[in-house]
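The structures come next, written out as structure tokens.
Shared between the two complexes below is chain A, which pairs with chain B and chain C, respectively.
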Partner chain A sequence: MEEIKASMAGNVWKITVNTGDEVKPGDEVVILESMKMEIPIAAESAGTVESIVVEEGSFINEGDVLVKIQS
Partner chain B sequence: MTMKLDRSWKERVEEIEKGGAAKYHEANEAKGKMFVRERLALLFDDAAWKEDGRFANAETEGLPADGVITAVGKVDGRTVCVLANDSTVKAGSWGSRTVEKMIRIQETAMKLKAPMFYLVDSAGARITDQIEMFPNRRGAGRLFHNQVKMSGMVPQICVLFGPSAAGGAYIPSFCDVVIMVKGNASMYLGSPRMAEMVIGEKVSLEEMGGASMHCSVSGCGDVLAEDETSAIASARTYFTYMPERYSSRPPEAPSVPAVETDLEGMIPANQNAPFNMHDFIDGIIDEGSFYEIKALFAKELITGFARIDGRAVGIVANQPKQKGGVLFHDSADKAARFITLCDAFQIPLLFLVDVPGFMIGTRVEQAGIIRHGAKMVAAMSEAVVPKISVIVRKAYGAGLYAMAGPAFEPDACIALPSAQIAVMGPEAAVNAVYANKIASLPEEERPAFTAEKRKEYQENIDIYRLASELIVDDVVPPDQLRDVLTERYHLYENKEVVFSERKHPVYPV
Partner chain C sequence: MHTLLIANRGEIACRIIRTCRELGITSVAVYSDADEQSQHVKLADRACHIGGSRVHESYLNIEHILQAAKDSGAQAVHPGYGLLSENAAFAERVEAEGLLFIGPQPDVIAQMGDKIQARNVMKEAGVPVVPGRELASIEEADLNEAAAAVSFPLMLKAAAGGGGIGMQRVDNETELLKAAASVAKKAETFFASSLLYLEKYVEEPRHIEAQIFGDDRGSMSCIGLRDCSVQRRHQKVIEEAPPPGLSKQTEEALQTAAVRAASHLQYKNAGTVEFLVDKEENIYFLEMNTRLQVEHPVTEETTGADLVAWQLAVAEGKRLDELQYTQPAHAYALEVRLYAEDPKTFFPSPGTITEWEIPDFPFLRCDVGFTNGDTITPFYDPMAGKLIVHAESREQGISRMIQVLERTSISGIKTNVPLLLDILQDSAFQQGKVTTHFLTDKKEEEAAWKK
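And now, the complex of A and B:
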């Protein structure tokens, strides 16, 4: 199980995967919006999206879990 | 009589050059570790290196050379000094003669003003010898004292093959660069066993002090090498960017054209969208010349050596692809350290700017981002090597300052036509200035109003307007950037500036 975490504090701008999607390492799963910048967050390992922990528009802090991937 | 002496000399030397007992060689081999003399053979250009103190502790069983080889030889055609621990001898631990040999080779390096290589693989102090090697004037403390004295005088390069434990962990920390071998190298003040005994923490060595951790989390390691051969090759490559001492210049290499890239096309018009600054760097430097420092640590800022038309430069570049290129406490710290290194050794600096500013929020304030940001600004400010900043895209807020903005006496601040210099970006600025006004408008009128104000703001910070106000020194199209940099660095070659009259600054550390 991989927990994809926020690399920095900001807002969840877009969630680009759905539960059940297959992802490869490097695939973008969430785009954060922070400091007026788009911050793409990618999966580090291959697997299936098990759950999406956050909602679009919510504030997240650095290190907060965004998405869980079942490998 | 002579025959006997000859044989005795030969036997003794053979015994010494074998290192420790066979079982220790086998244990090292199983971990992919080379014998120290093989490492030296790879590091030096040829076999003509001269070892001192070869017979150290030779009268004692099992302590050939007292566990360290100290030598003078040639690397890249230049004279260097080397100390290399032999982990087959009491785990490379430091006895009294080990420490004396290490101090002497440092003294030789200082006399010759020659670069110093540290090939570290040591368990630390040999407790049985502590009175002779720990507290005295020429005890281990002197090693660190010498390192601090040598810092900035000659390059100090560390390759870490195994442990560097407790006090020994400070040897890498005082070097200019630390190359760590994945899986085998480690640095820690207290071992996992000690951590469990003293503070009750259960942790693995890799997690607490391993090479991957230090190269990506703590920032104590600069380069993560796959194996020993590539670690030594990496140290040799690093050295090609270094002069022999502070008063000489880095060697030049034949000019190689840059990779053909559409620099203009890769920069997104939307200032908020990410792109890969590594591709931009490749488009202006000699192909294959990039040697990255701390590639895995604080990736939102790229630091590394490269060549432009054969000449060494130190590059500090924001990476919009990572954390939006925002400056954090770790990236500021990484930049400060790299800039100081370049300035110490006459390596011209190039800042490639695309920065939304320093990070804000509780986390980073508690981490002391102001203090760490000040380090970066101070290091950049006092660097007197040729210094050019290129505003690639945005340069907002204190980000402009930290990245060698016009106020910090760069030899040139050059803007690309895509540059945007401001206290903050248009969206944030319009919100800041017109928040009350926007709130008072009927909802349907708000988008048009903010769009209009953003347009006005954009016009106000138009790069040609800033150029006409003499804020930037020139505006250059991306496809001309490499040539412009080549020529400018050539023209600034003889720059000589004394930054300030004083003993030394009070560092904002």
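And now, the complex of A and C:
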């Protein structure tokens, strides 16, 4: 299982996948917003979105888990 | 005026507080949860908490800011730049509360905030704008007629669009016919309208802007020009005054156009008219910023004016001819913006500053909002401050700034200092041959080298 983590602190601006979606490495799963900039976060391995841990609009710290992928 | 509320944060709040001190005005800072320990809160005479860390809970919350103004007994509000500074509704509410808004009239803010309306108003005023027109259709006859009227090279874009999506440069009729179909399709997908707009392509554009000041009696003055061509993602990185290598004639054309633009609006207080200048030194109105600019210090260093003091004086009804130059004027000034970001990817880099060493030089001015031990949070703009040097020549200014940056040491956050040094040492920059494409071109060049 891959846990996709936030690369920096910020707001969850958009979640671009749903539970059950198939993802490939490099697919964007979440867009964070930090210091007035959008930062896309991508999956590193292929798999199925098992759960989405955060909500749009919530504030997260660096290293927080955003999405879990079942390979 | 004895008490001024500053509806802002970071370096610009600190900058405004400095002038308040010099003038004996009581300064009132406002702050969010995240900014409780900030420099602007420590520097101000008084400070009011206005809400949560997110901007809409605090720095964009008009009611909370007005309440702070009432509670602190302020008679005037300075909006700084960014945040609410170009929000006409805020300016109106400040005035409705019987407070002095340090800036132009609310209706002028609204007019210049609407970029299409601004362009039309400027055309009316006889200020040159980038020639362009909407296309009736993408039939060959309509395309060629419009192209002949505007003249190649052209930029084709979605009339409803923005942000560069579906923009394409075309150099002749064959290219135009082909591009029109594909840009129309993109426009339909992205903006739900296939309407196209054809504009003159500005070749080798430089970004040059004019600082204007207007008073209550309709006097208008342009007090200086700035070159801000070094940009990334439409954000300025380095600014200088005067702009290098412009002909006297173009300088005068810019000053005249800026004064004409501002006079047409009966503009009061400080404002900036931004222009694009192409390789033949044609000038085109870009937009007007109805506030103090980030880069105002380069004008201060080259004129001797304290622009914040002037803003306060004009707001209180002083005439332009009563304003004083209170500092020495230098031949040249250069400003760099310190961003908390990765110098290669431009990604923001929030964090706690563990080292903040900027050397002391008599020619250096530091307009910064942070120091050692402070935290740069993810909630706000990544700009931590600005360094400004003055000099007797451009060459000397550049070498002084290199000297400053080589002795600057910031840890805990990533900063763009390496990128700034890279730019200052670039031969195109040193020769004053920079266009707004400079940083993008430079990046592409480096990528090509790596292959």
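Here, the second predicted complex is superposed on the first by the 71 of 71 C-alpha atoms of A that agree within 3 Å, B and C clash if a C-alpha of one lies under 4 Å from a C-alpha of the other, contacts with A are read in each partner's own complex, and residues count from 1 in each chain.
We adopt the following convention: contacts are C-beta pairs under 8 Å (C-beta built on N, C-alpha and C of every residue); 3 or more make two chains touch, one makes a residue touch a chain.
Predicted model, so just to flag it, every value in this text is computed and none were measured.
Of the two partner chains, neither chain B nor chain C is touched by A:T16.
By the document's definition of touching, neither partner reaches A:T48: not chain B, not chain C. Legend: residue contacts after superposition of the two complexes on their common chain; A:M35 is shown touching both chain B and chain C. In the superposed model, A:M8 makes contact with both chain B and chain C. Applying the stated touch rule to the two superposed structures, the overlap between the chain B and chain C interfaces on chain A comprises residues 8-9, 34-37, 39. Within the complex formed with chain C, the residues of chain A that make contact are 8-11, 34-37, 39. Contact residues of chain C toward chain A in the complex are 54, 340-341, 347-350, 377-382. Residues 272-274, 320-326, 328, 356-357, 359-361, 363, 425, 427-428 of chain B are the ones touching chain A in the complex. Of all residues in chain A, those touching chain B in their complex are 7-9, 34-40, 61-62.
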